[in-house]
Each structure stands twice: as structure tokens, then as C-alpha cells.
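Okay, so subunit A shows up in both of these, paired with subunit B first and subunit C after.
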Partner chain A sequence: MKDSCSSVSRLLEKYFDQEATDKERSLVEDHLAGCLSCQDTLEWMGDFRDSVKTPVKMAVQKEDFERAWQNIRREIQLQEKSSWWKSIQSWLDLPRFFRKKVWVPAVAVVAIFALLTTQVFFEEASEEASYGALPDVEYVDSSYNVMVYAIEKSKITVIWLFEGQEMEAPSS
Partner chain B sequence: MRRIPLVLPLGLILVLLFASTALSQMNVRLRVIQASNVGRAVDPSLRDLHGQLGSLFNFTSYRLLRENDLSLYPGLPASIQARPGRFIEVTLVRQYREDAEVRIRVIREGKDILATMVRLSPGRTVLIGGPRHAEWVIIFALSPARY
Partner chain C sequence: MNQDENELISRCQKGDQEALKEIYDRYHDKVYRIAYGMVRHREESLDIVQEVFIKLFRSIGNFKGKSKFYTYLYRMAVNTAIDHSRKMYRVFSSSLDEEGAPQPSEMAEKGPDRILLHKELEEKVKAALDELPPDQRAAILFREVEGLSYREMAESMGCSIGTVMSRLHYGRKKIQESLRKYVKEEGRE
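Our next item is the complex of A and B:
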């Protein structure tokens, strides 16, 4: 009986937790029918479980779960509000981006580009004011005789080269 | 995710370079015409210029030798050969909102026979012609490209 008790005691906890197999359960039940010591042990297990469960149940009944849930819900809503910014931040990985200083050349390029375009813009703006006075042909340099004329109606500028006194082609 | 910070400035630099290049570019149409008094043929592709050529010059025949659309960038000369030993070189000097200043060189046998700076504006055509060679004359027609 003693050997049998020691071998059954290993299965007793599984039996109590309803985790024993059919074979183990029938073995334990056969043994329990004739062993008062093991019956006591099983009864003690039940009492022990009740002694643990009862205070937890009472504590749970006393707890205000509705209030706790409201707090949790408020926290979730706060996180949801800032989530778009966090998602952008995480997408760009800005903290890492600034830590590595990879942005320095990019910012430098942007600054140089802005400086150049601003200069060009102001230069153009100041020059365009007087640009209307510029001729269609600013200068002509040639080893030949040159005739230059513009016809505003048909928007044509003609530069004609000829030799000597000859006025060869233009009819006008 | 880790690559994004590296790709971002690189992409930005490329976009800026592309934008600055595209902003200062100009497309022009250059036609090389051989005018003569032999025959009375006018190249069909010169229809848009025929009226003006007829009212300006005493030639009866106009033949298109070649036509090129050139992309000009400030300070970078673009040249084409009109006939053997004869070249025209066009350089964008300055670009305004609509107009542009263009430097033109006509080179014959390695010598500049003409150097000029003209203003190109939408719809305007610059004709450079002469000197006469026996029966014919070369005329360059330069205008902003059509879009």
C-alpha cells in the first residue's frame, strides 16, 4: 500500500486538476477507494484551493472595474490622438535622421539653391524692367558687309551678309 | 525604414539638380535653307516661312537642307554643320521669362564669318543669310521650338 501511495501521490495533483488521462484517473480512483490517507490528501487540496480562491473572489467583488476601464479607455484615446504624428515620425525615423546628420548636405544644397534662385529672380526682375529697350540684335561682327533689319509685323529679324557694294538678295 | 533618411537627401539633391537644369534650358528650331534662282520649287516643310521668304528675298527656289531641334543650356554651344566646312554655332547666353539672348557664330573653313547676339522670343524668327555662292545662298532660320 505504501508503494502504491507514493506512486499515486504523483498522479493525485493531476487528478485534482482534472489533467489525468482516463487510465490514470481509473488508477487513482481505484486507489482512493481503499486509501484514507490519499483521500485526506485530496480533501486537503480542495480545502487549500478554496482558502486561496475565496479571498481573491472577495477582492474582485470589491474592485471597481468600471472605473479602472474608464482610465484605460482614456489612456487609449490619448495615444490615438498623437498616433498620426508618431506614425509620421516613425516613418521618417527623424530622431535617427537628425542624430546621423545626414541632413546637413541636403540642407546645404537647399540653401545654395535658394540663394542662387533668389539672386537669379532679383536679377531677372531688375533686368526685365529695362529689357524692352534691348534691340533684337545686340551686336554683329563680320568680315563681310552686313545688313540688319527687323520686321515687327511678321516678327522676323534678318541678318544678311554680302560682299562689296553688292546688295544681293533682300528685295526690300 | 532605416534607408529612408539616406534616400531622402539624395532624392532631394537629384530633384534640385534636375529642376535647376530644366529651368535654364531652352529649345530652339534651326533650319538650314538653300535659296537660289534655279527652278521654282519651295520645300513643303518651309510652308510656314514661304510667305516671309518670298516677301524678303528675290529667290525663286527654297530647299530645306536640314532641320534640328537644339536644346540650349547657358554657356554651352551647340553647333551643326550646314554644308561641308560651314558650321553654325548657337549658345544660350541669358534666358528671361519668355525671351532669350542667343549668341550665334557662323564659321566657314575654320574662320568666323559672323558673330552676333540676337534676342529670341516666342513667334520670332531670326534669318541669317549670305554671302552668295554662285547660284545659291545659305539661309539659317532660328526660332524657339514649337511645343
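Our next item is the complex of A and C:
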């Protein structure tokens, strides 16, 4: 009998779950007719089902599902409102940009370029200053108080009128 | 899946919140039963229901109609409930007895001994269910509470019918064993 019970054990579950075929069902029913142990097991399965089902059924009856729906709707609407901002963010993809640190080499390149160009600029400026300090005097006319000198490199000609003489340069 | 439900799903996929409300009205209690069976906590179960329907609205575009809609929804419910129960880890509401116990009127046709036995059994079953792995617990809930067939369970859980039968068998066996232990301990006292 015991061997028979163990072989029927799985079929008994299928039988209880109404998944057994006709052949399996008649096999189980034949066995049940003469086996108190399997009858107990079947009864236990029924009690077990009730004890799982009843508390869940009771809990459902006590809930306010309309309030839950209001929360769902509010949450969906909130998500929709913030979606325009998210779409801008995703378009710019700023967080990923900063997270991936792809900007580090770019900023480094710009910084190096800026440093170099600043250096070149200052070098040129100092050269110009040195030219300014040592001008080539091309022509001096003391009668009209005029001195003409030129900085060759920058192609600038400066005409300097001295103060202190009352006579003005004739208009030419 | 009937024509009406197809239309509802299609509307929901286009972002129609009224369609979602209709789906919610049809399925909220089913989702709640799964959630409550898994976590055994009312507030947490309501949170799961809300989360499932928000997720559904966001991801319903992925539903192609290859499986039944409710199995798709059940799967989402089980996965969300499993996530929650992992987070909660043994937060077991002491108010369960008040919430879940059968009312005397329900059991009126049964004798007082039977009522006591049922109440005790329920308490022990709750504790034993909590000890089961989530897969086995979900299988038992699908079968005992929702009355799904093995095929529907397999679809909802994304596994074979053989796996479903195995989960059910081992789940029931473990609960039976822990209840047997309890009966023996009670006998000694």
C-alpha cells in the first residue's frame, strides 16, 4: 500500500488541482477508495487551500482601491509634467557628459591652447614695447618742431610735435 | 483576450489614462491578492498595486499580445512583490490576525473545534508560507488563491509546466512538514 501511495502522490496533487487526465483521475479515485492516508492528504490540501485563500480574500474587501487609483493618477501626471525637463536633459545628456569625463581632454586642450596663445601674445607685445622704446628717428625739423620716426616692424610712423614754440607748421 | 480588452490595451498604449483606469478596475483586486499573499502586509500590498499599474502604464508598449494580458500583468505583480518582500525582509505585520482572520459568520456552519483548528492552521500556514522561497510562494498563491491552471501559471512565471508542478509540490511539502513539526511540538506540551 505504501509503495502505491508514493506512486500516487504526484497524481494526487494533479487530481486535486483538476489537472489530471481521465485515466489519471480514475487511477487516483481507485486508490483513494481504499487508502485512508491519501484521503487525509487530500483533505489536508483542501484545508490548506482555505487557509491560504481566506485571509487574502478578507484583506481585499477592506481596501480603499479608489484612493490607490488617485495616487496612481497623481504619480503618472507628475511624471508627465517633469518629462519636458527630462527630455531637455536627455537631449543635452549633461549627466552622462559629466559622468563619462569626456570633457576633461577637451578642456585640457583648450587650456593648453589658451596658455600658448597668451604666451605668444605677450611675447609680441614685449617686442612691440622694445621697438617703441628704441624708435628709428628718420627726420627732425627744428624750425617747425617736428620729429618723424618710424618703427619698421610694425610699419607705424609717428609724427611728434614739440611744445614750446609759437610758430605752427605750415599747412601743406 | 477579448476584443474589448484588446481595444483597452491599444488605447492605454497610446497614453489614454481612462483606459488604464478600466484595466485597473478589472484587475486591481487580482494584483492585490498576489501582493498580499507575497508580503502579507496591507500598506505594502497597496504600494505594490500602485507600483504595478504605474509600471504597466509606462511599459505597456512592450506588450505585443503574444501571451494573455493577465499573465503579463501577473508576472509584473509577482516580480514587484518579490522585490518588495526582499526589501522588507521579515516585516511581518502583527495586525495580520485582525485583518485576515475569518469572521465568525463565515465559519458559522462549522463547529467550534473546527473554527479553532482553522484559525490555528491559518496562523501556522502564514508563518510557513513566509519561510518559502518566493518562487514556491508565488506558485502556491497562483494556484490556491487565483485558481490558475498549470499552463497559465507557467506563462505568468515564465517557466515550464514541469517547473510549476515541481514548485507547487515542494512548496506544499515544506508547509506540510513544518505544520507536522508544529503538531508534534503541540503534542509534547
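The rule is short, and it goes like this: the second predicted complex is superposed on the first by the 91 of 172 C-alpha atoms of A that agree within 3 Å, B and C clash if a C-alpha of one lies under 4 Å from a C-alpha of the other, contacts with A are read in each partner's own complex, and residues count from 1 in each chain.
By definition in this document, a residue touches a chain if its C-beta (ideal position, glycine included) is under 8 Å from a C-beta of that chain, and two chains touch if they have at least 3 such contacts.
Everything numeric here is computed off the predicted structure, so don't read it as measured data.
Trainee: Quick one: classify A:M58 as touching subunit B (first), subunit C (second), both or neither.
Mentor: The answer is second: A:M58 touches subunit C but not subunit B.
Trainee: In the overlay, answer first, second, both or neither for which of subunit B and subunit C A:G34 touches.
Mentor: After superposing on A, A:G34 lies clear of both subunit B and subunit C.
Trainee: After superposition on the shared chain, which partner residues are touched by A:I72: those of subunit B (first), subunit C (second), both, or neither?
Mentor: After superposing on A, A:I72 lies in contact with subunit C but is clear of subunit B.
Trainee: Using the superposition on chain A described above, determine whether A:G46 touches subunit B (first), subunit C (second), both, or neither.
Mentor: neither
Trainee: So in the superposed three-chain picture, is A:E19 touching just subunit B, just subunit C, both, or none of them (first/second/both/neither)?
Mentor: Second partner only.
Trainee: Name the contact category of A:P105: first (subunit B only), second (subunit C only), both, or neither.
Mentor: A:P105 sits against subunit B, while subunit C stays out of touch.
Trainee: Using the touch definition from the top, say if A:R10 reaches subunit B (first), subunit C (second), both or neither.
Mentor: In the superposition, A:R10 touches subunit C alone.
Trainee: Looking at subunit A, does subunit B or subunit C touch a larger number of its residues?
Mentor: It is B that touches the greater number of subunit A residues.
Trainee: Considering each complex separately, which residues of subunit A are in contact with subunit B in the first and with subunit C in the second?
Mentor: Subunit A residues touching both partners: none found.
Trainee: So in the complex, which bits of subunit C are touching subunit A?
Mentor: 17, 20-21, 24, 28-29, 32-33, 36-37, 42, 45-46, 49-50, 53-54, 57-58, 96, 99-103, 106, 118, 121-122, 125-126, 129, 140-141, 143-145, 149-150, 165, 168-169, 172, 175-176
Trainee: Applying the document's contact rule, which stretches of subunit B touch subunit A when the two form their complex?
Mentor: 1-2, 4-6, 8-9, 12-13, 16, 20, 35, 52, 55-59, 96-97, 99, 101, 111-119, 121, 123-132, 137
Trainee: What residues of subunit A sit close enough to touch subunit B in their complex?
Mentor: These residues of subunit A touch subunit B: 90-93, 96-97, 100, 102-103, 105-106, 109-110, 113, 116-117, 124, 127-128, 131, 134-144, 146, 151, 154-163, 166, 168-172.
Trainee: Across the complex, what residues on subunit A touch subunit C?
Mentor: Subunit A residues touching subunit C: 10, 13-14, 17, 19, 44-45, 47-60, 62-63, 65, 68-69, 71-73, 75-76, 79.
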